[in-house]
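Chain lettering (A, B, C and D) follows the sequence in which the chains are written, and residue indices restart at 1 in each chain.
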Amino acid sequence: MADNKDIMGVFADTDTAAEGARQLKSAGFVQDDYDVLTGNPYPEGAFGEHVKPNRLFVFALAGGFVGFAIAFLFTAATQTAFPLVTGGKPILAIPAMMIIMYEMTLLFAMIFTVTGVIFESRLPRPSGAGPVYDTRITLGYIGLIVTTSEDRLEKAEEALKAAGAEDIVRESS
Amino acid sequence: MQNTDGNEAVIPGAPATQEILTQELLHDSLQTGSRMRKALLISGVLSILGFVGLFMHFASGTSDHTTWNFYAVIYFYVFSVTMGIPMAGIGLRMARAQWRRPTSRSAELFAIAGPINLIFFIPILLVAPPIEGRNSLWMDWALAPWFPDIIMMVLLVVTGLAFLYVSLLPDLASVRDHGTGRAQSIAATLSRDWNGTKSQWSLHKSALGILGAFYITAYAMTHLVLASDFAMTLVPGWKDPIFPAFHAVTGIQMGAALLIITMYLLRRLGGLGRYFELEQFWGYSRLLLALSLFYFYFWWCAFVLFWYARLPHEQMVIALFISGDYSEASIFTRPQFLMFLGAIGFSFILPFLLLMWNILRRSIVAPTIVGVIVLIGGFFDRMRLYANSWSIDQVGGHGLHHLPEVNAPTIPDLFVLIGMVSSILFLYLLVSRVVGFVSLWETRQALLLRFVKPWGVGHASVVIKPE
Amino acid sequence: MSDVKWGMVVDVDKCSGCQACVIACMAENNIPINLDRDYTENRSIAWIRIERYWEGEYPDVKARFLPVLCQHCGNAPCEPVCPVYATFHNDQGMNIQVYNRCVGTRYCANNCPYHARYFNYRRPTWPETYNNYLNPDVTVRDRGIMEKCSFCVQRINAATRIAKREGNEDAIAGLQTACAQACPTDALVFGNLNNANSEVSQLYDDERSYVLQESIGTQPNIRYLKKIDEHAAEKAHAH
Amino acid sequence: MQDRPTLTPTQINDELLWPVFSFRKRHAVAFIPPMILLMGGVAAVTILIYQGLWVTGLQRPAFWGFFIVNFVFWIGVSHAGTMISAILRLTQAEWKRPITRAAEVMTIFSLVTSLLHPVIHAGRPWRIIYWLIPYDFSRGIWPDVRSPLVWDPIAITTYLTGSILFVFTALIPDFALIRDQSTGLRKKIYGRLALGWRGTPRQWKLQGIFGLLMSALILPVFVSVHSIVSWDFAVSVVPAWHVTVYAPYFVIGAVHSGVSMVLTLMALMRWIFKLENYIWEDHFDAVGRLLIVIATLWLFFFFLDFAYSFYTREEQELAVMERRLFEWPFNAITVIMVFTSYVIPIPLWLSRRVRRNIPLMFWTSILVNIGMWLERYFLIIPAIERKNELTFLWSNYVPSLIESLVVLASFGMVGFLLLLFAKVVPLVPAWEAKEGVIFREDVQFGEVTLPGIIKETEEENVW
């Protein structure tokens, strides 16, 4: 829905923000219509919001497999490429290979995980924090963002106002 | 759903109150039903088998320790498991894990197995070959290894019992006040003049702390001396300082496994589902996963050194405990290798592959199954270590000359196994008739320290961590 | 030439501790001249050295000599620890040191139970007049490199080339390392162990023969012959 | 429990961000000592590279010396970060909050520092790159994966990468904070770094899960790194090095020294950056309690190594133990080591009053680090001084001035980098501090007030 607009109410503290959430609900907005901006983590569902499930562990697993494969190829290939006998050990020295495979598995698992976190939290945003944002968020204020169609913006605004929003930020269009 | 989950945390199901706790733990669970009677009877009868087996063994002679190899396997297996369980309870108590509260009693109750371990330890001392001409920690001390080892064992057992008694005290008092019949009279004599004054509680707390620390130390040291006196010493050229630590850790691993199984049984048969809930199983399966990883880590630390340095005597140790005789073409004709496969497979590979998934960890059946697997793996591991090392008759020498023939287990060994297990079970159930499987005072405290309050739109559970 | 397996036998009974082998080796392999400084700092380089142990109390003191050089082990502890393959085992039973690859981690030296590996702490220097005496067949090792006895690999290669050219094995049969060549008492015997009738392979299985630090299982290609002496037995192992 | 101030977000911002926005005298002065040490080290390394290794005390058979000891020591210190953040995160210990970042950053910097040592200690540092990147490419020769010296770089690189990613991801919210509180160029730069962070519940939740998952991933690395470093010694055939217990022994020793180093760091942070409101006595108390357990474990492994060196009664090991116990200077080193790393601090830490006395904790933690540095020396050097049977070549290693300067400089370097880092971002994670305030819930129990914690439900699926 391209014509959706954002509107954000900035609240001074938790209670008013929670009140704002209630107001929005009573004004007929469902959970997916609004989102919360906070300066630090809050107990989940404190504002009746809900977080869509993420697939972070998939990244970790994939990374693990990739790393393991790379390490296996690297170790096996390098030893067989120029088979020099050292210390009477077999050319394919499996315990030694295992150590390297272990490390690489974890390395790639970690790299993929971080990629996953950034990707799953919808970052990086080239536009920065976005059009509808208020720097007071990081001062402990709480923002309720409503994403809805033009015609319902008014409804959302008065709901937020009624809950005691200090400020209303609109998407500049 | 998530918010109520916090509430479920300690006392799940119907919102527990002090009254419910009192009713269930002090009255219901102390009733001795017919099933319990049967269990007591059977285990009591079977425990006689152990002594029969012991007698048969002695009849066949104590001169040759290689015929006792499976007795050693069985003894050290049971010893490791039963002495390892209290470690799980004590460790979590020290870590101030809230979720362990309902389970710590059923863990610490296993300290009651101490005397049994002590009795069956005597044959080991009699049969084990002297350390003359062998490597040992004792520098050819005349009294070694018998004297120091028996001291360590007694220390461990006594500490365990003392810890158990102290942790029982408050509940004994409540049984004294509200119990009935023989249990009441026993509790009355045992609980002395405990009436829960402030000073008594603080003393109680510090006593638990000190005894717990003492038990952990005793546990580590006992495993140290036993592992080196009754396994490492017997193998020429085997110097492996990590082995005692490995021995101790695998003991705790098996203990945690048995504890999970116990929890499952109490949940199923004991009707204590309220106390052994998802969170408890989740917590212990996490512990079990960690310990299984430790199993591999400690094993690998020794293996990679032996593999890399290629010292002849260490190659023989690898052959003895891991690979078996290289000249044997088929791996299935190498008993050592098969034992090793069983050990590493059931103690590390399977548990790891299963428990690495939170979905499985966070269930009740899966951890139980893994517990069974780990117990089997543990037996394979003890077999790998003791059956092989006790089959060696070579004395001294820089390294092992040839792999020994492993004597097969005999009927007496089977009897001893059944006897030890059932006698421990018997004692366990007997004590549980007086104080029950779940600690009343700990769960009561748990109720105080956790509650749910409204937060924002939803709810949140608050945990209090008193110093 | 893969049917060749070079080895050496050191007869401790014949060794008189004259150090001729040491000098010969230095001349052959361009080993820098050790100044007293190098000895006081324990940084002297000598691919073959005569270890001297005193036995007995004054007045009846005996000196025991033990020539020690790289044992060219079959299970060489020094080889696998090198991160860059600077040392490895070739198909002629020799332990090869490749100076170009060496980065100087000195791990091999730590792991050599025979102390047979030497490190160039300084850039080697010779008095001006000596520069023309250096052996053109042998690299001069710069500072920061490990070096050790190479069984005079330059001679082996030369002999192998000649043998191939002339199509007979004489050159190889008569091959000598510098130390063996210089030994006045023939205490050092070098040769091809795969050639059954070579002197070295006959002495190799002599009942006096033993291996330095056998317990480490390095399987060297150099064996020692015990001193004929009632004390020899424990001496050979004790020190 | 008494001094737990309730802070407003604004106050937290002001108190944590001042080193970033201003450059006060106390911060500037703190730079001086590490700078001096660092200068000495730079000079020393220059001489070393130009002159060659003869300027060190290395010789035969002690081919490894101070550099390797120091390398092992700093690798050990680097284990603090993961220990603190990962393990405490997994066990959800509340008190970890203010010290995680400092610890993790110390991990990174001590890893970087330790990585310098193998390079400068090599005979031809300019060729060390070949160690990692295959050079004889035309001949297809690559590094030998059988060598522990190849396992090392791979393990350490993994650990370093992991820690950097760990720290960076946890930094994003604070980058956003600085972005919002600043203007001009700084706003632009931090805006880039913040990747457009907004603070939606999803982002916060992912932060939480990331913490757990990353901890679960980095813990195995944490264990493996120091194990592999220990195998540099243990897989060799040098009698007193070839000990199976080395891997866990080194790891637990690393944690011991690392966590004590974190104590030192906490005290210094508290003094230099005035963090009394964030780093409380409670934290020192908690770390102290943790250290008692760790130190006792360390003692157990020390005992294992010690006892079993007499187990086989072989001449060579006994010679090494004789050197360690009876010969100067090792007799002194052994005594100092045992006393400073266990006998003095642990009994002190048993008393709650000592654990909450910050100057005392500071000095005891310094003691432990001295002890643990000596422990590495005690473990590594005598074994090669008394190597194998050829007694003809046994000799004693005496470190040179150059080496000592480099060792001192390594401390300077870590301190310098930490101070520099403090100039860029707050050493105490601001968002975690705020979270701590939000999640705190004091509960009235009759007369007393106990600190409670609002528990995050462990619903999120870690795997």
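We adopt the following convention: a contact is a pair of C-beta atoms (placed from the backbone, for glycine too) under 8 Å apart; a residue touches a chain by one contact, two chains touch by 3 or more.
Only a predicted model underlies this, so the values are computations on that prediction, with no experimental measurement involved.
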Chain labels contacting chain A and also chain D: B, C
Identity of the most central chain, Cα criterion: D
Approximate Å spacing (C-alpha centroids) for the pair chain A, chain B: 43
Whole-Å gap between the CA centroids of chain B and chain D: 35
Distance between chain centroids, defined by C-alpha means - chain B, chain C (Å): 57
Contacts with two or more other chains, residues of chain C listed in rising order: 75, 77, 80-82, 85, 216
Interface hub residues of chain B, defined as touching at least two other chains: 2-3, 304, 308-311, 455, 460
Set of chain D residues in contact with two or more other chains: 141, 143-144, 146, 150, 220, 235-237, 454, 457, 459, 461-463
Category of the chain touch graph - line, ring, star, complete, other: complete
Chain A-touching residues of chain B, taken from the complex the two chains share: 2-3, 303-304, 307-308, 310, 455-458, 460
Chain A contact footprint on chain D (complex, rising order): 8-10, 13, 134, 139-146, 150-151, 154-155, 157-158, 161-162, 165, 168-169, 172-173, 176-177, 179-181, 191, 194-210, 213-214, 217-218, 220-221, 224, 228, 431-432, 434-435, 438-439, 454, 456-457, 459, 461-463
Interface residues, chain C side, partner chain D - complex: 41-43, 51-53, 66, 68, 77, 80-85, 101-107, 109-111, 113-115, 118-123, 143-146, 212-213, 216, 239
Contact footprint of chain D on chain A as seen in their complex: 35-44, 47, 49, 51-52, 54, 56-57, 60, 74-75, 78-79, 81-82, 84, 86-87, 89, 93, 96-97, 99-100, 102-104, 106-107, 109-111, 113-114, 117-118, 120-130, 133, 135, 137-140
Residue ranges of chain D in contact with chain C within the complex: 52-54, 58-61, 63-64, 118, 122-124, 127-128, 130-131, 136, 141, 143-144, 146-150, 232, 235-238, 384, 387-393, 395
